[in-house]
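In the two assemblies presented below, chain A is common to both, partnered first by chain B and then by chain C.
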Partner chain A sequence: MTLRLDRVSYQVETSAGAVEVLHDVDLELAEGSISAIVGPNGSGKSTLARLASGLLRGSSGSVALVDGSGVQTSRDVRPGLDVGLVFQNPDNQLVATTVEDDIAFGLENLCLPHDEMVQRVDDALDLLGLRNFCDYPPHRLSGGQKQKVAIAGVLVMKPAFLVLDEATSLLDPSNRRDVMDTVLQLNRELGIGVLMVTHLLEEVMVASRVGVLADGRMVGWDTPQSVFSQQSVVEQGGLVLPLSGRASLLMQGRWPEFPLCLTAEEFTRAACQLN
Partner chain B sequence: MPIELKNVDYVYDSGEPFEYFALRGINVRIDEGSFVGIVGRTGSGKSTLVEHLNGLLFSSHGEVLVDGLTLSRDRKVLSSVRRKVGIVFQYPEDQFFAETIFEEIAFGCRNYGFSKEQIDTSVQKAMTIVGLDPGRFLSLSPFQLSGGEQRRVAIASVIAMGQKYIVLDEPTAGLDSGSKLTVLGELESLRQSSNVTVILVSHNMDEVAEFCERVIVLDEGSVAFQGSTEEFFRSADLVNRTGLELPQSYRLARALKDSGCTLPVDESSSDRFLDSLHSWLADSGVR
Partner chain C sequence: MAMSRSFVLGQHYPGVSVIHRAGALAKLTATIILMVAVFVATRTPQYLPLALVLGAGILLSGIPLRFFVRGLKPIVFLIVLTVVVQMFFTPGTTLWSWWFLRITREGVVLALFILCRLVLLTLTSVLLTASTSPIELTDAIADFLKPLSRVGIPSAEIALVMSIAMRFVPTILEETERIVRAQVSRGAKIGEGSLVARMKGFIPILIPLFVSSFRRADDLAVAMEARGFRVGSERTRYHERHFGSIDVCVLVASGIALAGVMLWRLFL
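Here is the complex of A and B:
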């Protein structure tokens, strides 16, 4: 199933009249793909994340799962079941008194057999390294640990797509890698599609496609390499290239044929070839 | 005068089954006018430590001194310390309550008895520091803003009070890459111009390398390292052991060195890396 956003706009009413937060956004996320959305604060990223997961309805346009066969068997996205959303702030989605209950909360609404529920919660506890905290009250955990509980609670629903709205922004580097590895593993093994709203380059780099939002419009939708080589998109999206990329641009001032490198390895290889 | 923590322990639920040492034997000194990073993996005690700095938490053992004054529950001591130490929390936008951004930022200033002019100046200055255009944002409701913009209002509301020590608990999580650097750069200028002490809790090693001269590294509630940021990042083993990662500049410099490529670059931060590369290119261009 492809997740398709078709000319989606979203307006909010303010004291100063209607403001268009998103304007005619098209997005097509292939089954099992990994995509990223980047852009400055206030560009509409979180609104897009909510629209894509069915929590908000657009003022116009449609958000639907479309059958890959080409036959029009599209249906509106069901939040949680088709697309799971993990918020910026985990306090917004933690509800229960223990970690285990919190992870199970969504499942309890699905009328699953008890064993299946226990199994899914168990798997999630292990995957995210929360086993030791399973009886803890979530509010007693640190910010990063809470975020893992929130992610676990969404994963157990086995949605077709997972939308992460800066879900790792409060994790330390090793936990962030843990969580990202887990997400990538779920993507690889279960074929869950992933859409990440992020400011972190390492997350952008694992995506096959990156969308750049600026002032509510999608100004770029391409591979990371290609997005970063378009000066105007980089500027509009307020993006900062990885150090290797910025160093490459300096090198290009001297050696115009120097490639735009986005990793330390690429840069080292290119620099060695000069000597 | 510095902030000092002497042999500080903090125990959650002492004597209960969930008893947990969040901090153990902490000895830390933060000098006035410095830019200090506090780093460590999730759950290492960073936020607990920070909450000791202005008496939101009181140590179970040991003492905390702010400018020579020992923190206690005494009202006079507390209000004097809180006038000096301001904290921006992890999710500061959760505390919004005012109708306009101006009122939100001005609230603390009013409590400290600023005059109307002082409030106007402080609010404008603080908004400039965090990169919010006063003309566009002053009259909006904080609840109309995006996550990153809310974060900036929250930072501004603490900066506006003009405290001597500003503590930021992961302030840049959720800010776009451009504004991260702007906000921290402005805090650095504030430090230079007004001798404000900036204490930055962060998971982003690039910004720690760029802005913090000194760093306090926590691991499981204890201090694993305290000293120069460069010295810390040069000991890759320690960085690894404490669950942290090297900044991009160190990784790139190391990759270059390992492959025998001799670019004379300064690894101590991304900006300094680029500056050194730039001057080398300029010099070698002349030759």
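Here is the complex of A and C:
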């Protein structure tokens, strides 16, 4: 299954008239891939995340799942079932009074038979390492644990894609690491496609594709390497290159053929090859 | 959160006793039956069957008696007030009098009766809430209200709203504490001075609290929708309800208590 957004625009009515939050955005998420969306505040990232997960409907364009043979399904993307959304504040997305009940919330909405619910909740508890906390109330969990519960809560619905809207931005570094590792593990083991809205470089770097949003337009959609090497995209997206990237640009002043390196390892390797 | 800890009424005391294992719906029904029995009685001795059943329940629950005593604390004032009023102001044969105070025999009898009534009511509800987790209780209340959904009362939604409220009480308490600390560190004077000054002191707490609660509500609505929730659509329950032999026992015991009270009232 591929998730395809085709020339999607989204307008909101404000007191000052209609404002176009997103304009003709194209996006294609391959099955089991990891992609990232970056962009300045107010560029429309969260709106895009909600459109992609079927919570909002675009004013024009289409959001659809395309199966292996290239046939576009005619129905709308179903929130939870096709695309699971996890967002920023871990305190505001847990519904129930215990971890276990919260994970089951989506399943209750699906009207699944009881045995199946128990099975799925059980699997999710093990997969995310939440077994020991299953009867904890949410307020006794750390931020990272809460986000894992939120992820578990969408995961049990078995979506093909997981959209994370700055899901780690309120966490401290170790919790952030933990949540990211979990997401990568889910991607590896379950083949679930991931779309991360983020402003953290280390998260961008694990993506195979990065989209750059600026003022509601997708100004770049490419590998992290080539996105960061396009000066205009970097500027429009308000991106800050990693330290090794900035150092590479300085090196290019002297040695024009010096590659753009985004990690310290790459930079060292390239520097060693200079003569 | 000292505030919530000192308040036993409505607090869950986890355990594995038969009373804990009994179904919430059965316990809720039994509680209502016992409360009816409390109000059916007209004289103190009639409470005997009820007290026996309730006492058995309390003992079987394995919850320490201290917990129940603490549960009575919030209503001590109410008890003292009604007992005093009844004792001194019920007309009848004088037992003891001094100056304008006069205790009557009827007053003492009535005061004792009301004392029993209040204590029994409180203990019954403490036993219910202590032995039943909040989530089970809300589910049971939803089941109880279910017949009402036929006349348009959204019983399932009411239960959901109750459980969401329970989920957010600790979060909002924490948030309040955080805001209070932040405002105090900026020099706000909270809980000091005259009544008006104190009320004014609450404004810098309430406004941020409201703002953040609205944002929370907004986020939560999206999160629920993202997990396939639609208002008014059918849902199943993760917690399965089964009606077992313990439930039958609980209901029969409460039925016996009610019948006992009624028979006593009619024939003795």
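Here, the second predicted complex is superposed on the first by the 265 of 275 C-alpha atoms of A that agree within 3 Å, B and C clash if a C-alpha of one lies under 4 Å from a C-alpha of the other, contacts with A are read in each partner's own complex, and residues count from 1 in each chain.
Just so we're on the same page, contacts are C-beta pairs under 8 Å (C-beta built on N, C-alpha and C of every residue); 3 or more make two chains touch, one makes a residue touch a chain.
Quick caveat: nothing in here was measured; it's all calculated off a predicted structure.
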item: Simultaneous placement of chain C and chain B on chain A, clash or fit; value: clash
item: Which of chain B and chain C A:G253 touches, first, second, both or neither; value: first
item: Touching partner for A:V8 - first (chain B), second (chain C), both, neither; value: neither
item: Touched partner set for A:V179, first chain B, second chain C, both or neither; value: neither
item: Chain B versus chain C as contact partner of A:M117, first or second or both or neither; value: second
item: Chain B versus chain C as contact partner of A:Q93, first or second or both or neither; value: second
item: First, second, both or neither for A:L51, with chain B first and chain C second; value: neither
item: Clash with chain B, by chain C stretch, listed 25-33, 79-87, 97-105 or 187-195; value: 187-195
item: Chain A residues contacted in one complex by chain B, in the other by chain C; value: 89, 91
item: Complex interface listing, chain C residues touching chain A; value: 134-135, 163-164, 166-167, 170-171, 174, 215-216, 219-220, 222-230, 233-240
item: Residues on chain A engaged by chain C in the complex (per definition of touch); value: 50, 53, 55, 78-81, 84-85, 87, 89, 91-98, 100-101, 104-114, 117-118, 121, 137-139, 150, 153-154, 157
item: Chain B residues within the chain A interface of the complex; value: 12, 18, 40-43, 47, 90-91, 94, 140, 144-149, 151-152, 170, 173-181, 203, 205-206, 243-245, 248-249, 251-252, 255-256, 258-263, 270, 273-274, 277-278, 281, 284-285
item: Interface residues, chain A side, partner chain B - complex; value: 12, 14, 39-46, 88-89, 91, 140-145, 166, 169-176, 199, 201, 238-240, 242-244, 246-247, 250-251, 253-254, 264-265, 267-269, 271-272, 275
